[in-house]
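Chain IDs A, B and C follow the sequence of writing; residue 1 opens each chain.
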Amino acid sequence: MKIFKKIAALFAASALALTFAGCDNSGNSGSGDNSGGNSGNATFRNVDQIKESGEVTIGVFSDKNPFGYVDNEGNYKGYDVYFAERIAKDLGVELKLVPVEAASRVEFLETSKVDIILANFTVTDERAQKVDFALPYMKVALGVVSPDSAIIKSAEELNGKTLIVVKGTTAETYFTENYPDVKLQKYDEYNEAYSALQDGRGDAFSTDNTEVLAWAKSNPGFTVGIESLGSTDAIAPAVTKGNETLLTWLNDEIKTLGGEQFFHKDYDETLAAVYGDDETYKENLVVEGGEM
Amino acid sequence: MQGIEVLFMGNNMLRLLSGLWVTIRISLISIGFSLILGTLLGAVMTSKNPVVKAVCRVYLEIVRIMPQLVWLFVVFFGVTKLTGLNLGGETSAVIVFTIWGAAEMGDLVRGAFLAIPRHQFESSLSLGLSKTQMYVFIIFPQAIRGLIPNVINLSTRMIKTTALVSLIGVTEVLKVGKQIIDANRFEYPNAAIWVYAAIFFMYFLICFPLSMASRALTKKQQGGE
Amino acid sequence: MSEHIIDINNLVKHFGDNAVIDGISLSVSKGEVVVLIGPSGCGKSTLLRCLNGLEPIQGGTVTLHGEPVIHGDKSLYKVRQKIGMVFQSYDLFPHLTVLKNIMLSPIKVQKRDKAEVEAKARELLERVGLSDKADSYPSELSGGQKQRVAICRSLIMDPEIMLLDEITAALDPEMVHEVLNVVLDLAKNGTTMMIVTHEMAFAEAVADRVIFMDGGVIVEEGAPSEFFRNPKTERAQRFLKTFTYTK
């Protein structure tokens, strides 16, 4: 038993040693933030504390082109990143980007390992109980892409026709519930669905409008005939629950940026290359001044 | 060959290599700690005390039952939630892989010791060897010989499992690969296969020498019953 | 009688509630070969194991040249160098060559000169007919060869007494002879030995004195010629009868 206690102590000691070993020095392999003054508990940093520290930490995607990704030079790019850079500039601090995954976005905020999440974060009731969403800066709905030879321009036109969908997506549920006369052809993977559309196995394909827009852009002969269908989801920045100063600051920022049509410029810089600069497309995605 | 050029665009190759270095660094540190702590744990696990045995068994089973992904979340996020202590991503990764590695290593060490027949201990002592000499000259060399293949196996498993650390914000080689594929997904939709092939080759480059070393070491200590 | 190497005085050894050795007193003199026989589980192997401190004892004393043998005591390391022990199981170290098996202990424990030890080791191997196996690993040897190496490994320590614990029990019959011949040769050269064996013909040939044990006590002892021809006790008679076959 004596020996066991010794070993247990050793384990604890080495765990502590590891803690202070500080093996985090890899460039963009983010590691949360150690500079905050809130030692002792995992509380968020308010606007003053962020400004004082000289650095804002923002969680973004690193592999969701064109929203948040890392280019071939190793630099963060995308619609979300463009906004993040502006936030840092307006706060007057350095920007520290932390790569996050869809599955860990909420946790990063709950533990205050980032100040803000700007990672294509769709507002849902469930998430809103755990984090505080600011005003939206983008929106997403369903889109329908079809061949140029027979463009589908409204959902009613699909009645009696075959629509390709990917299993488990919003499109599948939406059409099942609202358009029972549309014949659904279901696939497991996106690339299977696109092949089916190209082979003419279905009359059209529906999924998130961002996705079909990007695909139609690089596949001549196909057009997104319906750019926005079903309920529109808001995409918004999120902060740790209760971080009111930062939330207010972000809301004010988004409203102010509306004045200069900032997100239209953001679209032109980052999304246009993928979705095209068609004005209707742009209006279907961009939210300016927080007003959907 | 369409898409292979993506590997050589910009800093991509360098980024993959630095991602590989993150993978190697986390793995090596974790394996090192696991070896030390696992050996101690293994020694403890050979204890005949039922309480000690039970505690070790429970520890091992808990570590095995919980997926490494859950452990990463528990250490990286859970510790911060509970104590406010803000562990870095790599530090958390090293802690998790050490907790896991030490448990598995402990079990391997325990097995290796128990596999040594009792008369090896007795004949060592009968020859007048001290306990220390017995372990150094007789027991450890035999235990290590049995351990090497298993330890190498565990190490390669640990190296491959480090791919999970991207979930706690650490960018290792696989994540860099995904970033490269994604950044070029419109211009080079076929780049994925080449990027994954390059990563496969990189994993092979670290794991292959390990298994070669293991084979060489086992051969060197050839003989035995 | 000449000087005593080992003195056992009223030795008691329990495994739990079971008294395996229940008060045994016995002395072995220099140059004497004592053979212990008796039915399985009579305590003869345990007795040998108590002599070099592998087993804790519950009563009595064991002394080697007047020095007490105490289980778990530091003095054991000194005592054990003077007691050579060969077991029933092949106990060579599998990761070392034959030569290194033999040389390990004199170099590491007795701190003897390496060249001298190697010369001695080769001489011993020659004596047991295994000169050509010096660089082999134990896995390359037959059971009989392994036991001969094990004997060399003990002999090189220049022990004052050799304890042989059923060293042929695990061997195939055709290998028993080569090992027992080595032991007979040792006896002829005056090596003090205590031998546990089931080979009755060998026991008779090698022993100066035979000790018959049963139920943890010495039942009968005497010169081999006496014991094997005219056992006095009924238990010894019954035991010896199990080794003879009549139609």
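Throughout what follows, contacts are C-beta pairs under 8 Å (C-beta built on N, C-alpha and C of every residue); 3 or more make two chains touch, one makes a residue touch a chain.
Just so we're clear, the structure is a prediction, and the values are computed from it rather than from any experiment.
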| item | value |
| --- | --- |
| Topology of the chain contact graph, where touching chains are joined (line, ring, star, complete, other) | line |
| Two chains sharing the most contacts, counting C-beta pairs only | A-B |
| Innermost chain, where centres are averages of C-alpha coordinates | B |
| Whole-Å gap separating subunit A and subunit B, where each centre is the average of the chain's CA atoms | 33 |
| Length of the line joining the C-alpha centres of subunit B and subunit C, rounded to whole Å | 47 |
| Gap in Å, rounded to a whole number, between the CA centres of subunit C and subunit A | 80 |
| Contact footprint of subunit C on subunit B as seen in their complex | 117, 119-120, 122-130, 133, 137-138, 141-142, 145, 221-225 |
| Touching residues (chain side subunit B, partner subunit A) in the complex | 6, 9-12, 14-15, 18, 21-22, 25, 29, 33, 37, 40-41, 44, 47, 49, 51-52, 55, 73, 76-77, 80-81, 83-91, 94-95, 98, 102, 166-172, 175, 178-186 |
| Interface residues, subunit C side, partner subunit B - complex | 52, 54, 76-78, 80-81, 83-85, 87, 89-91, 93-95, 97, 104-105, 108-110, 137-140, 150, 153-154, 157 |
| Subunit B-facing residues of subunit A, complex | 1, 3-4, 7, 10-11, 14-15, 18-19, 21-24, 26-34, 36, 38-43, 59, 62-65, 69-74, 77, 98-101, 103-104, 107-108, 110-113, 214, 217-218, 274 |
